[in-house]
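All chains are identified by letter, namely A, B, C, D, E and F, in their written order; residue positions are counted from 1 within each chain.
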Amino acid sequence: MNDSLPAVDPDVAATADDIAEMEIRGAATIADAAAEALARQAERSEAASPEVFRRQLRAAAKTLYETRPTAVSLPNALRYVLRGMSGETVSELRASTIARAEEFQVDLSQAQSKLGEIGSNRLRDGDVVMTHCHSTDALSCLEAAVEDGKEIEAIVKETRPRKQGHITARQLRELGVPVTLVVDNAARRYLDRADHVLVGADSIAADGSVINKIGTSGLAVNARERGVPVMVAAQTIKLHPDTMTGHTVEIEMRAEREVVSDEQRADIAGERADDGLVVENPAFDVTPPRYVDAIVTERGQFPPESIVILMRELFGETTGEPWAP
Amino acid sequence: MNDSLPAVDPDVAATADDIAEMEIRGAATIADAAAEALARQAERSEAASPEVFRRQLRAAAKTLYETRPTAVSLPNALRYVLRGMSGETVSELRASTIARAEEFQVDLSQAQSKLGEIGSNRLRDGDVVMTHCHSTDALSCLEAAVEDGKEIEAIVKETRPRKQGHITARQLRELGVPVTLVVDNAARRYLDRADHVLVGADSIAADGSVINKIGTSGLAVNARERGVPVMVAAQTIKLHPDTMTGHTVEIEMRAEREVVSDEQRADIAGERADDGLVVENPAFDVTPPRYVDAIVTERGQFPPESIVILMRELFGETTGEPWAP
Amino acid sequence: MNDSLPAVDPDVAATADDIAEMEIRGAATIADAAAEALARQAERSEAASPEVFRRQLRAAAKTLYETRPTAVSLPNALRYVLRGMSGETVSELRASTIARAEEFQVDLSQAQSKLGEIGSNRLRDGDVVMTHCHSTDALSCLEAAVEDGKEIEAIVKETRPRKQGHITARQLRELGVPVTLVVDNAARRYLDRADHVLVGADSIAADGSVINKIGTSGLAVNARERGVPVMVAAQTIKLHPDTMTGHTVEIEMRAEREVVSDEQRADIAGERADDGLVVENPAFDVTPPRYVDAIVTERGQFPPESIVILMRELFGETTGEPWAP
Amino acid sequence: MNDSLPAVDPDVAATADDIAEMEIRGAATIADAAAEALARQAERSEAASPEVFRRQLRAAAKTLYETRPTAVSLPNALRYVLRGMSGETVSELRASTIARAEEFQVDLSQAQSKLGEIGSNRLRDGDVVMTHCHSTDALSCLEAAVEDGKEIEAIVKETRPRKQGHITARQLRELGVPVTLVVDNAARRYLDRADHVLVGADSIAADGSVINKIGTSGLAVNARERGVPVMVAAQTIKLHPDTMTGHTVEIEMRAEREVVSDEQRADIAGERADDGLVVENPAFDVTPPRYVDAIVTERGQFPPESIVILMRELFGETTGEPWAP
Amino acid sequence: MNDSLPAVDPDVAATADDIAEMEIRGAATIADAAAEALARQAERSEAASPEVFRRQLRAAAKTLYETRPTAVSLPNALRYVLRGMSGETVSELRASTIARAEEFQVDLSQAQSKLGEIGSNRLRDGDVVMTHCHSTDALSCLEAAVEDGKEIEAIVKETRPRKQGHITARQLRELGVPVTLVVDNAARRYLDRADHVLVGADSIAADGSVINKIGTSGLAVNARERGVPVMVAAQTIKLHPDTMTGHTVEIEMRAEREVVSDEQRADIAGERADDGLVVENPAFDVTPPRYVDAIVTERGQFPPESIVILMRELFGETTGEPWAP
Amino acid sequence: MNDSLPAVDPDVAATADDIAEMEIRGAATIADAAAEALARQAERSEAASPEVFRRQLRAAAKTLYETRPTAVSLPNALRYVLRGMSGETVSELRASTIARAEEFQVDLSQAQSKLGEIGSNRLRDGDVVMTHCHSTDALSCLEAAVEDGKEIEAIVKETRPRKQGHITARQLRELGVPVTLVVDNAARRYLDRADHVLVGADSIAADGSVINKIGTSGLAVNARERGVPVMVAAQTIKLHPDTMTGHTVEIEMRAEREVVSDEQRADIAGERADDGLVVENPAFDVTPPRYVDAIVTERGQFPPESIVILMRELFGETTGEPWAP
């Protein structure tokens, strides 16, 4: 039946292309563009009936969604806007959809700074924060704390294989935060000096699990063992509504060369057939909710076990695709 | 009073020099050379009285010890040999000392293969073993298992900063063991596939703590959380008798450049005064005994909580220096 | 005041009798019949005023409830339907009540298969699932997984005293699932092979506790210790709203003969007065929420700590009896 | 902009004074007075427009709030009432505000007894309950249980430094409950006899933490270790909405003399400059949600991880001050 | 070289036959017979030289050992006696061997009652003890407690599949101990009433693990979670010296029919090829030392982590076969 | 048979009287006096045969022991000296006994300072140590650390009911150690600042349990939860050999008035019959070995699980009374 969905507005198609070709990228940027595209579709619709209008919007959503089916912020934007499409006439539908898209965009544009303030409130003057990987949501908490005049120190894990810890370290130095950089293996030793572990999230599941950069779960287990609370900073576009229906998040396996160079591989494998040497490079891992003390979003902080309620509030209970009628 | 200790045999002095200049290195090689030197001293002694003989031997021990006061195998060799020096005449003292040194050397030469067999016995056909860093003691267990015809697979952590996991991976491939190489951050994810964690030790303390390559303790905590037993392979020369008197083991801090290159540092620090960026690079960490299931030595396997008893048996209760009367 | 509730429709009375005499049984069947009966009462009401209509419906609910006051699905059906009774005229009340009952029945009829799909989504190809007792909700997850083409294996605990594991094993074999049947005592040993523990529930309390077949809580504790996640499959009719007001669930004590035959008792007690031998046979136990990773319902999966929110959404906050005004 | 808020009704001002001077005190009494004052303001308003009315009410709320900015029940009352202020005319606004204030007051007047019934439902005949400090909410649970005819015994911790356990003990004796009074240090030993730990709360944070009398968290950790469930009794006016935005609760440090008398200090400090002796006397501590089994409120019991949802329901998501527009 | 061991005394051969044919059985009975046989061999030896005598004794030990290589008490008896064989003449060797065998036999005959007294000392008047399976060592503790006049109650797990709990229940009833018999699944629920868990052991490993009837480890994990100490009663002949060299204990898999009857299997498997249904019936499992509070032997009680020291004291460090020179 | 033991030397009798009347008190002082008395008995013996001598010494031991059967240092002194009584003539027996007593006394006189040095070695410059109660053994560790030039800070729990923390605080202030004094309830909050928990011991059991001032076990559980290691300082005269045979240590119940004054009791009990108010005041509690990281003695530090081995070494395996033949 979806086959019969009508053609979409050229602007929507253009946005879809840009997302597909990664001209538009980054969780927030994609979400913003998708909401904008739905508003444009609504604006320009010349639908003769509410039903036609709805089908146009659903078609637009489907087109957008299919560009990057694994990016969690994209369907969230679509779901959020379509949930606000209401009215009994085309005119009412148009108005409500545009208003909803705008609301989404405004909220999104303020989300990181709101989240940062909330996260900052958990930190006290003099606190030492251990970070893993690089997350603008997490950094916004530290930035807000510094702006509030708190003295904060950071212990930054380098985060192999890609060492995004270096980016975190650099940005923290730009904020004037004293940084101790350590290899990932040193985390447990330095947890004795830390007052918080602070990380971002790639996405958050309905069972309260946090999907984040590989190494997060091992760090969280050690933080609990050392008595250090773990705080996850994540805008609500990182919530993963598909997981409400039990779906697990597929963990991306990245290129071997991020871990070993060709020479290193050759050195290890020697002249042997090298099929006995496998280099595995998962991008993320899953931290169970019991090792996370709080998830900080722009809508407040939540224990991970209750985040599913926020997910339902924002994106609905429905388990179908975002454009499902 | 030590000032009055007599001069030592030239061969002892030569050995001491070689140890000091790292011509002789490696825990076992140093221990062997030290025992040999004491035997030489005993052999060549022209002492006129037992007392003089004893002072000569103590002098030799002191000379040897002072070359590398932090190498745990060196004082262990000295303690072990001097504990066997007994008799009422110079002749008896000489014989007993030489015999004791020989016993030490023979035991030492067989220790790793004995330990390997014992460790191998803990492994079953089809087991998957996760390793950290590179340890010949740990490898000897896997080698013995392979020789016993067991199919073993390995998950090898690369072990930043120095990536000694590559050496482990290469040696395991030489043994024909299938290897999955992962970054340290991936450990918790791969523990679900592992039947054992197997590591070596830099030294072992009287309270059952295991001092080993940085990252060991974080791995052990995760292994317990995942239900995977942790096995430490360590010859008895790694036991650290000083810790019986409460001494803690000083953790070596290694060069920053093992962690970041100069360019990486410059990139992170930018044009800021870089004293806000500290790179810390501890070589080892301390794993509490409650996260270790067994310590495998050439004298059998022990729960970490009972290793102090073996330590007392081999090296005595005395808390003084190895050459103390 | 309840005394003055009006007489109920004969069909309602008949349904009540059938429930009381267990002609109608099984959690879902009872719930469906109760909703149907309320719809019938609404349909046939000749009430002269909204107030009279409401009292008739409350009377019907009370009559139905009192047949099996401990069956949790029965009051849930009543609460759900009565919460949907709204309107300002008898006609509106009738329509809304009938619609609500129908909604409940439709949802109920689809609940198990929806739940099965959601539960199936948590399972991956190749997973090994350990089961306890027999639960059609739990089985529906496995069935859906098999239908999705996943290879699933099962480790089935026999579940003394009544060995409902045999039923589970048979139904899994009918689905073509390879089954390893073990005694309950062997559970911890086999958890090392399991990727999930999957159980049903007799009921679920507001504090997140899961009341299920005796042995569930001991299994869940061991699963946590072994690092195996625990998943509870339970339709929302298993939620127990009375527990929102702190009520604990009474655990049924079943007949001694399920545990020992008369001969076995005689053999144990010998010629002694047998009052020193007590055989206790509780039907259920209580698993605290901290040992459960997810509760899978037809409305999505939830951490146990947030299930109270779903309970309030479906059945209201009120702490009174289902027919309370 | 707040500067331009209009003057408040004299009665509101009088109430504010009474709160400031602690003529009105106690969490519930303050909350009741604040709601009453807002109703009075609404009643007497002669506002010419809805906008003026709203500003008057906000001014009243601000005036009241600023008397005791750390008393959590006060802003809760204000938030609750203002959230119910709705309508398009002054007359509608007045009516809705007065009705909302009344609703709040009625609920408040019944809260403790409702909470007591709910808490009592968690207790069984013959249970032994360990208490810490003195809390009328906690006592109401025990009182309800006694009224329900249950035999309850209490183990009462004395609760240094102020020994409020004596008050608890006296009130329990008045109820006829057998009391075993112990020092705080004896808690772990007596937990083996206890079926529940029951405490009140000073306030409850959005992350599920319980702020309560110093010693609560140490008791809760031991209760978990001993397998004894922990129940917190707290009316919803104890929920702390500021914590939704990450704010942590400032812990009051009380006078040194509650801990040592001047003579005791002199005896300890001797003739030394006494700046080496610090006596710290924090009034409260923070118990993480993972050590709490249930929070019992007048609106039902909740796992601590879901209390944030109730907080949002009652007091809104807004993160601004209670009188924010 | 073993080939050249001399023939053994006919009495030794006869004892070996009786052990092989299970005329002699039970851990203690076998150990006693083996010691007796070695004494007989010593007594009757007409060896011309100490060397010949030693080889005769080793031959006897080997003959005896090979009858039941998996019975741990048998090699322990052999090791113990041969370790006491000392002297420089045949006559001295004979005397020392006979004396040692006698010492072993005397100790063995008193071991269970000594162990019982020691175990009884851990129990207090009024204690409730939960048992698993049937162990005469464990029962001897309860018997001694009863004889000491202590009131003891027992909660007896039936211990599927063979229900040896019935034997325990009967013997406890004979002692007048009140018994509550429960299915294994009910253990966690009844742990709240228990002051101790008391079990025997099939054998005890050098790493402190306790090998005992299947279900012991799951019970021990739950006992720790409920705060109930676990006590293992085991004579020193249950210590397993082979495990000092890392050997793991092979777990016997018993007949499927102990778990399901043929009809039950048929009922489960239906008309399907039954290779999809496997019934596994392991006899024992392994409890890690961290879940055991004390091992009670006739030589005193020990934390499981120190039992290896007792093992070395009694049976020596040697890792060879019992008859190794 | 003990009836026939001979009369003891008047000096022994006098010492016994002094111990009984608490003229001689304190664990070390009693032990010293007891050893001295045995030496005196040996010195003055005019025994005609070794057998008579032995019986005289046993009689002396029995006389001394019976003065204070619960003081653990007393039987330890007796056991230690009598274990050294050896020889085949009266003269040899006398000499060996006197020498052994002297050895015991010399060791004892040095024990606390040796222990202090060992304990000090576990502390680092800048460490913060939390203490409970007052223990000269624990203080000797801190004193040695201060003498070694380490900066140490202390958090001192007041230790209700008798507030021995005040003594600890005073003595630490005399050493110049900065002290933060807190009520016992504040311990968990302040553990976040502590690097060590350091306590003494009343006695130490063979299963590794530490019997110490009430509150120790609760503190230890919290210290583990907060990641702070726990160190127990105890001379070997605190080891409790009776516990090798399973004996548990009787916990002294002290006077109610240490907890409540008469007025406080009256205030709590009111006019009610006061048998419903029980004030329990146990002097000690039992900390399981799993919460203790090291026991520091004058013979070195030990994991609690291996202390039984030291106990056997010093006081023998025998389970009889100290004067048993």
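Methods note: a residue touches a chain if its C-beta (ideal position, glycine included) is under 8 Å from a C-beta of that chain, and two chains touch if they have at least 3 such contacts.
Model, not experiment: these values are computed from the prediction.
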Touching both chain B and chain C we find A, E
Just how many steps, at minimum, does a route from chain C to chain E need if it may pass only between touching chains?
1
Looking at where chain C touches chain D, is over half of the residue numbers used by both copies, so same, or under half, so different?
different
Any idea how many Å lie between the Cα centroids of chain A and chain F?
58
Can you work out the whole-Å distance between the CA centroids of chain D and chain F?
45
Just curious, how far off is chain D from chain B if you go by their C-alpha centres, in Å?
57
Whole-Å separation of chain centres (CA-atom averages), chain B against chain F
36
Flagged in chain E as touching 2+ other chains are 225, 290, 303-306, 309
Spell out all pairs of chains that touch, sorted by label.
A-B, A-C, A-D, A-F, B-C, B-E, B-F, C-D, C-E, D-E, D-F, E-F
Within their complex, chain B touches chain E through residues 114, 117-122, 124, 229, 290, 293-294, 296, 299-306, 309
Under the definition above, what is the set of chain D residues touching chain F in their complex?
158-161, 166, 169-170, 173-174, 176-190, 213-215, 217-218, 221-222, 225, 259-260, 264, 267-270, 272, 276-282, 285
Spell out the part of chain E that touches chain B in their complex, as residue ranges.
206-208, 243-248, 288-290, 303-306, 308-309, 312, 317, 319
Would you pull the chain D residues touching chain E in the complex into a rising list?
192, 225-227
